[in-house]
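Take a look at the structures listed below.
Two complexes follow with chain A in common, the first pairing it with chain B and the second with chain C.
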Partner chain A sequence: MLLYAIARQSFRRHLTYRAAAAAGLLTNFFFGIVRVAVLTALYDGRPEAAGITLPAAITFTALSQAVIGPLAAFSWFDVMRSVHSGEIAGDLLRPMGYLTYWLAHDFGRALTQFLLRGVPMLIGYVLLFPWIAPAGTHFVWPQGGAMWAATGVCAVLAWLISFGWRFLSNLSAFWSPDARGIIRFVFSLSWFASGFLFPLRYFPDWLQRLCALTPFAYTVNAITEVYLGLQQGGDVVRLLAIQAAWAAALLAAGALVLRAGVRRLVILGG
Partner chain B sequence: MRQGRAWRRGIASCVGRGEAIAEAIASPLRRAHHPVADLRHHLGLLVRLVGAQVRSQLQYRVSFTMDFVSSFLMFGFEFGALAALFVRFETLGGWTLGEVAFMGGLTAVSFKTMDMLFSGFDPPAFGEHVRKGTFDAILLRPAPLTLQVLGSRFVLMRVGAIAEGVAVFALALWLVDVHWTAAKLAFLPLVVIGQLAFFAALFVIGSTVTFWTVDSIEAMNILTYGGHELNQYPAHIYPLGLRRFFTYVVPTLFLAYYPTLYLLDKPDPTGMPSWVRFVGPVIGLGAFAGAMAIWHIGIRHYRSTGT
Partner chain C sequence: MTHHPSAAEAPRTGPVIERPPLAPLIDVRDLAKHFTMRRRPPVRAVDGVTFRVAPGELVGYLGPNGAGKSTTLKMLTGLLVPTSGHITVAGRIPWRERRAHVATIGAVFGQRTSLWWDLPVIESFDLLRYIYRIPAERYRANLDTFRDLLDLDAFLQTPVRSLSLGQRMRADFAAAMLHDPTVLFLDEPTIGLDVVAKERVRRFVRHLNAERGTTVLLTTHDLADVERLCHRVLIIDGGRLLYDGNLAELQRRFGGRRELVIDLAEDVTDIGGDGSANRLDDPRFAVPGADVIARDGPRITYAFDRDATTAADLIARVTQRLRVVDLALKEPDIETTVRRIYEERLLDGA
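Coming up: the complex of A and B.
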């Protein structure tokens, strides 16, 4: 119940910045169009590459731009700031765990971002598809109810994993006043390994395998794989299971590291 | 104990420097005006202001190193992802990886250098001064305004991104067999300066706009960061509407794409006359002059927020 209240407050708070969301949406859309042009030029008339057709590739650019908001793909320093500023002292006094508090908070944020930036992005792509894609092709949707459901589950798990590594990297603030550089580094790594810039399937095999060792590959890339139907049947279930395992591992690691951090935390009054 | 001493020394040197800067700002008041002396004085002042920024950012050495490494890697990963695609796709709009890297490196060096030198004119940062009213304090000081804004912020960390641009360009030189001539070698720095001046112009215009509204910053981002993105890939791959806008309305494409066609002897699928390959630097410097004119109009019409 408390979790629900925090998520709702966070949802409301983020809903206030509608104008900023609209402007951000426009910027994301612009960068999406540039990606479409790059991918179309790379395909250079090929009907498909690495099992991905051109319309599916264009749909991927929509997905990648749509998840920027919900997964906070560019930056997220909230926990770091709360540690550095000492606000954490107040947060720790709450009648709930610090991690749970931020999880609820981030859920509200992700949901608003999904509604304000994710959904409009997909709608924008559908409406403008005839102008940005080759004639006679269509925007790709998940095939059938089961795949829609799988995509939904996959997206929620992707958000959990994303929260997990963002929270964990932010905890470096307990040990270092230079946490910003560390967190920024993790983010730049995530762009590459998460399949946010390009689907990992396009990469050479060895690089794909390397990326698959990181939790990042189970965020944007997993959504792409399930949404576009690149994985079918049992493979989808396996993918969701790996996602769940990563989410659990990262949250557990977050809880452990948090405990170690809080133990060495000194709050100065004033 | 040691920390305490270092702290006291830090405070002492800050006070010392503050006095030195105040002294440097005030000194022309006591001196007879002479154009050359004025220019030398102003340059000296800028060096002092920027120097103070650089010194203060270098105080936190670990922080600086981390930021340097992460901003180097951030763009490295982005380029790495694109490079990995060339294994499968081989060319992008008929350009090899080396050719794309050539233009991308050139653009990154120009843009990131601009981003560092003109940090003070970065619209969101400058808009904060206007919104909070701290810009009024700058107006009161007896030193040229533009110079003070330039010296008000200097994000040294950008050298990481500049270094990354240099690395990408070096990779391009290794991959592409460029037929260098004396004319091309002379043109190359002009391309960098032209592009730098052009994006600086966008920064200055974006900052000027904040005198009237702070809501339009995101829209300016499409022109600056979006323009930077566009100048990383061969322009003929873009849809016609987009290309036209960035050719005739905001002439970004003249700054990197057309000069690169000349430097690498590439054909022009967009069918423009061949002289457009050389207009980039002129457009860049012209845009900068125009932006400075708009900036001065903005200053004349500036009304403080009163905070």
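Coming up: the complex of A and C.
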């Protein structure tokens, strides 16, 4: 009930920043078009690369641009700011878990971003597809109800994982006044290893395996794999299970590190 | 240690009523917090503080900047873990049982809001209703009371970021009290407010203490807050508790001398034989039990100790000797008293 209330408030709060969402949407949209142009050039008339057809690759671009908002893929310093400014004191003065509070808050944020940026992004690409894709090809959708459902579950788990590592990296603020640098570094790793820039399938084997060791691979890349149907049947279930394990592990780690951080918390001021 | 079992008593006006001692709501013993910094000696922000606060008391916690007030308050609210010593509030160790503890306390920090910056006030309240699991009818009743007492209606729908400081403080006060906390911790609650807003906040605190029996611990630099609200004050400096007692006693012990200002019927400015003007020891104005401390034309200012002579006696003596057209009695104010205590370290070793 409390989580619902926090998420609902967060949702409404983020809804008030519609202009910012629109600006973000527009930027992501045009940058996505540039990415499509680059991909098309790289395909150079080939029907597919690493099992991904060009229309699927263009759909991937739409997807990865659509999750920038919901997964806060570019930056997220909220918890760091709360620690550095001492606002965390106000939150600790309330009978609620700090992690669960931020989890609910981020869920509301992600949902707003999904509706204000994610959905319009996909619609934009569908409408523009005839102009940016080879003639006679179509925007790719998940095949059948089961894959739609799997994509939905996969996306929620991806959000949980994304929250997990964002929260964890933000907690470095307890130990470092320069946490921003650390968080930026983690984010830049994620762009690469999450399959946000390119589907991980494009990478050489050894690099794919390296990326698969990180939680990042189970965010954007997992969504791409399930949505485009690159994994089927049991493999999808296995993928979702690994996602769930990563989400649980990251949240548990977040709770542990948070406890250590709160213990050493010193809020400045006489 | 002297403290009064109830804030409802007025130590100035009546005898202290003996009551069975109540179990302390706040129990602090030998509390210390040392901050260690690299390559520097540790800062002893709080260094062996002991006090108790009984249920229903309204206590002022005073001290200059950096005295250790906020650090104490952070330990009492569970935000800081003490380096050593004992601390319980309502039987709980704040930092160890943080969530259970904070559910029963309220806190207002004048320097920062605890409300959500971009939410309308009423939605912040609504969120608090869930966070503290406030029963619906209790929430309604409290909200109605506070809307009335704090005049919230005009800005309930306004986002916190657009409120004036006075409005924000009122909203913060309501937010801190919605869940009926037994203890309220106030850190500089009137800082930056205008006179009217300050008075409104004080009235509200008095109401909480008198009507709801809320125990209040208040840090402030505005001694008018203390004078209007608190019977008992704690004074801390350098991390140590220097005084624990009632305000009247503090004033009696450390208050400066009282002053009597008289205006004579004529200008008595004169030049002495040695060329000095307005000599303070001019025998014409000498009165036993008081000293002339200033002369300005027809105006003469005497200072006297409240123990040595009464104001009535002094006035009688002066008017007998001199043709006085007007007079005024000036009490040393608490502001001056406390400033003297800080500056002259009057309480050192006390």
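Couple of notes before you dig in:
Please note the rule applied: the second predicted complex is superposed on the first by the 267 of 270 C-alpha atoms of A that agree within 3 Å, B and C clash if a C-alpha of one lies under 4 Å from a C-alpha of the other, contacts with A are read in each partner's own complex, and residues count from 1 in each chain.
The definition used in the following text is that contacts are C-beta pairs under 8 Å (C-beta built on N, C-alpha and C of every residue); 3 or more make two chains touch, one makes a residue touch a chain.
Bear in mind the structure is a predicted one, so any value in this text is a computation, not a measurement.
Partners chain B and chain C, once the complexes are superposed on chain A, both fit on it without clashing. Of the two partners chain B and chain C, more chain A residues are in touch with B. When the two structures are aligned on the shared chain, A:131 is found in touch with chain B, with no touch to chain C. Between the C-alpha centres of chain B and chain C, as viewed from that of chain A, the superposed structures give an angle of 80°, to the nearest 10. Once chain A of one complex is fitted onto chain A of the other, the partner contacts of A:202 are limited to chain B, with no touch recorded for chain C. In the superposition on chain A, A:31 contacts chain B only, with no contact to chain C. In the superposition on chain A, A:93 makes contact with chain C only, while chain B stays out of contact range. With both structures placed on the common chain, the touch criterion links A:178 to chain B but leaves chain C unconnected.
Between chain B and chain C, the shortest distance over C-alpha atoms in the superposed arrangement works out to 5 Å.
Against chain A, the residues of chain C that register as touching in their complex are 35, 45, 65-71, 74, 77-81, 98-100, 102-103, 105, 107, 109, 111-114, 116, 118-119, 123, 126-128, 130-133. Contact residues on chain A toward chain B in their complex (touch as defined above): 19-20, 23-24, 26-27, 30-31, 33-34, 37-38, 40-44, 49-50, 131-132, 176-178, 180-182, 184-185, 187-189, 191-192, 197-198, 202-204, 207.
On chain A, the positions that touch chain C within their shared complex are 1-2, 5-6, 9, 12-13, 16, 86-87, 89-90, 92-97, 263, 265-267, 269-270.
Listed in rising order, the residues of chain B touching chain A in the complex are 60, 62-63, 65-67, 69-71, 73-74, 77-78, 80-82, 84-85, 87-89, 91-93, 215, 218-219, 221-222, 225-226, 229-230, 233-234, 237-239, 242.
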